[in-house]
Amino acid sequence: MNPEDISFLSIKSGDNVKVTTRYGSVILKSSSSNQLNKRGLIYIPYGPYSNRVVGDDSNSSGTPTFKGVQGSVESAIGESVKTLEELVADLRGV
Amino acid sequence: MTGNIIIRNGTVFDPKNNINGDVMDIAISNGKFVQSVDEKSARLIDASNKIVMAGGVDIHSHIAGPKVNMARMLQPEDHYKNLRCKTDIKRAGVGTSCPSTFVTGYDYSEMGYTTVFEPANPPLKMLHVIDELNDTPMLDKACYPLFGNNWHVMEYLKNKKYDELAAYVAWTLKAVKGYAVKLVNPGGVENWKWGVESTLFDEPVGRFEVTPREILRGMCKAVHTLNLPHSLHVHANLLGTPGNYEMAVKTLDSVRDIYTGGKPIIHLTHVQFNTYGGTNWLNLSSGAEHLAKYVNNHNHASIDLGQVVFSKTTTMTADGPFEYKLQKMIGNKWVNADIEAETGCGIVPITYKKSNYVHAIMWITGLEAALMVDDPWKVCMTTDHPNGGCFTTYPKVIAWLMSHKARGKVLAKINKRAQRRSALENLDREYSFSDIAVVTRAGPSRLLGLKDKGHLGVGADADVSIYDIDVNKIDPAVQYRTVRRAMRRASYTIKDGEIVVKDGQLVKSVPGRIFWTDSKVSDDLAKSMESELRSKFNDYYTVQMNNYIVAEKNIVNSTPVKVKANV
Amino acid sequence: MDIYQDVVCPVCGCLCDDIEVNVENNRVSKVKNACAMGTTKFLNYNSDRLHSPLMRTNGSQQPSSLEESITRVAEMLVNAKYPVVYGLALSSCEAVKVAVELVEEIGGVIDNQTTVCHGPSVQGFHEVGESTASLGEVRHRADLVVCWGCNPVESHPRHFERYSYTVKGRFRKGKEDRKLIVVDVRNTGTAKIADKFIQLEPNKDYELVNALRTALNHEQIQCETVAGIPVEEIESLAETLRTCEFGALFYGLGASHTAGKGRNIESLGLLVRDLNNWTKFVLMPARGHYNVTGVNQVCAWQTGFPYAVDFSRGYPWYNPGETTFVDILRRKESDASLIIGSDPVAHFPIGVSKYLCSKPLAVIDPSNSMTTMAADIVIPSSFAGIESEGIAYRMDGVTFSMKKVVEPPEKILSDEDVLKLILGKVKALKRLK
Amino acid sequence: MAEITLKLKSEPPFQPVDLSELSPDGVAGKSLNEVASIPIWIGNRPSVLCSIYDISGESTSNLSDLLLVINGDLPNSRRIGAKMTNGRIIINGRAGLYVGAEMKGGLITVNGDAGDWAGIGLKGGLLEINGNVGDFLGAAYRGSRKGMKGGVIVVKGNAGCDAGAWLDGGTIKILGNAGINLGIHMIDGTLYVSGNCESRIGASMTGGKVILSGKTEDLLAGFQIEEIKDKVKVGEEKISGPFYVFSGDNAESGRGKILIKKDTNPKLASYEKYL
């Protein structure tokens, strides 16, 4: 996350945040990075966590909307990041 | 391997062995032609009232490799028109101008072809080419690596190190498993890599201080020195340019003095694209007359046609600048793909239309060349697949060669202005079946140095095609449609003594073999050249020299042809 | 100790082939020349292995025999009406060939990681083609390197030093002879070392390319900014592109995954085509998985189509959006999946991952993953390029024969061999039917 | 009019169902039994029409007098009415992919949503979709530059992305909203959107006309304003403006026109200074 955005949320780098898009939401551990040099930009590494907030609509291209997704970020101190096992259990519906 | 076969009472055309339509039996045992076999143990094929020829041999057809595959990826819309289902024998695939590898093998085989050589490959990507050829069944295959814009070649020539050049060519053919030496637009592709579109024959290539003429002559000598089975295979400069017949003649004439008799030393490929008169696209004309005159008067040169067939197809060549100019002209999708230190590549899909003046002139030019060169042994029938048209259109081309009437039918429908400029109407020559056997079998085999191909003599590979044409009833000049149909689907194709096609349908899939040339130069020369090459390899390439080499284990039925060099 | 030289690195699409690997007692002890990603792979590939086939019974995965698992996978595939085989970008081309034959046999769909990677780039290629080159061309000639939505410093660490920027070439001494321009939405590691960083607004790639092409045509642009960038700056960028001697534009998922997807790559293709009217310019994707290019190549020459090939009606059919794995799952059309060396459960959006897990799911993989955790049948395999040989294609299509430097664990086969067993079993089952 | 009615059976397959033979051309002159055994594919299994539909009614050999009524949602279907030349299809329910693909004549009405590639490569006839439609409406096949060439498509609801890609004739009317890349690579013909439109209208267009009554985001840089027009005609229908008229795509040296309603797009007023 952009460092100013982190301060704006009154959290510090490493605190958990909740990211919500029109596709879903996910609890993540935040990290401040100067690569996000503009306010309002966040980056989530590709994988099981980012995939809870990206869309499966592909514009008939086969490729989901993995980038350029609009969303919101809020502080989620106290909420925990799910483990991979929990994510798999979620997916399998057990 | 295989059992015995007797092909009984066929009308045999085997020009190499001077058999011209004689009714006779052909015996096969263990994949080779033999004098006779025991009738009881043999399978009999009744070929009465049918034509028997050696399996077809294609000297120049782009069937595999990086550019063919890019052309496949470029055109899903083309594939949609010809989707092929899996069967018990056949793998699935797609047809049209860039068929999938399996379909390529099947379609060739069903036309009676058994040997097809892929004519333009970047040495750096030869493992790709070979791996595609491994997946191209039914055919014996080989590749012609590209040398016309190779940095090492240009440097050896600049430094006048001719023996080292020969040793380098021998090493490369062996390393990447190539068969013959191909030049495409010598020097011109290197210039194109800086965006230069045209290259003059006697002007040094930018930053390399050698001229296209020097590259041609140097490589022609190297091929000669190495005793390679095939001559220097050349796609000349200025391809696809009005007035380029002069360059074609100049190209052939530039190596005239190297000839010492015997087989030709230079093969000018797809001459149709290189034999235009005129000065621009509006006054474009056929220059076939001039080229034919030269070829008729000289024995050091051979040609193949690159005939255009009116259809939707794909142009693809190592001649990057040509394709750039073509896409500028016709505005279709365009691929350019240059290869470090070696060569380039371009691809543009095209539809040849009868109504188009330029396309009509192209159609005329190819046929004129075929009809004006007197000696069929100097001519190979090709469409430069898929550049002039897909190889599946060969029967059409054969019909045009055999029938004035068939040509006339098309001539009447093409662009009127082009029609008026054509000499075709007055060219009465009609190829005989024997001539066809020369330009599609015996001739290319001779030029390629394939002693066991293209004929039915004892000891040769038992590759046979049998066509349902009764020469007593069918006059090809009149009933050309029957010929065309019969040649599209062979009654039988026999590959290495196995029946692989029956009644025009594949009955067995076989992998075929891959030829490559191992020309031995002296140990000392080989060693010194290799150590010098190793010292600069990493400066030229982004791969390690050891990884540049294609191992034999990666080749299905690797078949080296060993020759001894003169150095 | 054995020392292997000129080993091909099976990690990213750079496929560096100058790696030296030391092996002691069938363990990689030292790696030279590789980047951090490559070194880690060679040293740690073994850390999270699957050791035995697994089958789910009563809800939990239990060890099983190879034969039993192969039979179960074959039955699953033969019984399915619309099975999908997915993965293979981390397999050898030999394995891909077996997989294509298998999918023909079962009348299924074969798709690979291209579908969630450079699939849009392939679609752009279908529309307009591209002017491209082997990487050595860039090394020798490029005086201008543009990275558009790609970040080689972090995802292809040796790209610059071997192929494109800092490397010495025949006509370029190194980076002092080249200019690096980065176009990206964030200040990536690559952007930080660039001579010029153009930061565009998210999802505005097409707009920027269109403006550049308009500027190249010397047409007036009737607005002040495009994609957040002042028009004067765009015009000056167009001038820089136009006046270089040899330009190379590398693009990544930053261009192919944002709004418009394949159309962005198509427009980059058109930009580079237009630039060739002024100078020499080439375009190249920076591809991820080491052999994703190889899967595309093999699929294309065997079927005509580079990925997402549907054999359900006996012939190959292809249309991204219809025959691509994500879309098949999104429409809930598949009824069984076989995954080879990939982890779609982790990497696909949650909605489609859920559907994937709800139907029979088999996996061939060397290591544990979310997909193996969710699967009904798991068959371990060896690592191609480390434990087994095979052919792979670099991102520019240059082809390599990968080496085997260590033996795989006992009883672990290559994915090629596992697929052959499945194919054999499928054929046998079909004969019975 | 002779009418054949197909009623979807309960629990239809979820795998792709290929119905490319299901059109008046495939049904005309056939007895009910023959219609019942029209070949279809369910995934990789060859099957027949009656395995998923109850079929009733009566056919005729007179194509133009034949109506097919298809009842039920089958969003996983493919190619209903593909290549049809005459007659009429009414689909009451959701239709799948490629509805009316390469249609040459006749009329298809979808009383529900239709999937992607509806009317792809359309050459003639009328395709009416009374719900929403997916991506690539009336577009060209992958890699092809031959988009819709004639005929009319009317969509009551919204259209997805790339509607009218490579359009080369005919008319597409979208009464709802349209997605990104509307009319990309358009060569000729008319595209009308009554609702709002995502960005990149007319990208790379070289000819033809896009008319937008609703709102859009920015226009591509390759378009320049030409004039303001009071009203425009879409077929016989007059649509009142005023409209900004833009020309482009100059990136492709194109001569296409985009007409965007002035009142709904105050943002575009900035272009007026270039008039």
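So that you can tell them apart, the chains are marked A, B, C and D in the order they are listed, and the count of residues begins at 1 in each.
Here, contacts are C-beta pairs under 8 Å (C-beta built on N, C-alpha and C of every residue); 3 or more make two chains touch, one makes a residue touch a chain.
Being a predicted model, the structure only gives us computed values, none of them experimental.
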Averaging the CA atoms per chain, pick out the one whose centre lands closest to the mean of every protein CA shown. C
Tell me, please, which chain's centre (mean of its C-alpha atoms) is farthest from the centre of subunit D? B
Using Cα averages as centroids, what's the distance between subunit A and subunit D in whole Å? 37
Could you put a whole-Å number on the gap between the CA centroids of subunit B and subunit D? 46
Averaging C-alpha coordinates per chain, one finds the centres of subunit A and subunit C separated by a number of Å equal to 24
Among subunit D residues, those touching two or more other chains are 116-117, 135-136, 141-143, 162, 180
Residues of subunit C that contact two or more other chains, please. 123, 126-127, 259-260, 311, 313, 318-322
Subunit A touches at least 2 other chains through residues 59-60
Topology of the chain contact graph, where touching chains are joined (line, ring, star, complete, other): other
Spell out the part of subunit A that touches subunit D in their complex, as residue ranges. 59-60
Which of the residues in subunit C end up touching subunit B in this complex? 5-6, 8, 17-18, 93, 97, 101, 104-105, 122, 125-137, 139-141, 162-163, 170-171, 245-246, 273, 276-277, 279-280, 282, 296-298, 300-306, 311, 313-319, 391, 393, 397-401
Given the complex with subunit A, which residues does subunit C contribute to the contact? 59, 111, 115-117, 119-120, 123, 185-189, 191, 199, 202-203, 253-254, 256-262, 308, 320-322, 324-327, 329-330, 345-354, 357-358, 370, 373-374
In their shared complex, subunit D is touched by residues of subunit C numbered 80-82, 106-108, 123, 126-127, 206-207, 210-211, 213-215, 217, 219-223, 226, 231, 234, 259-260, 263, 267, 270, 311-313, 318-322, 331-335
Subunit D - residues contacting subunit B, complex: 140-144, 146
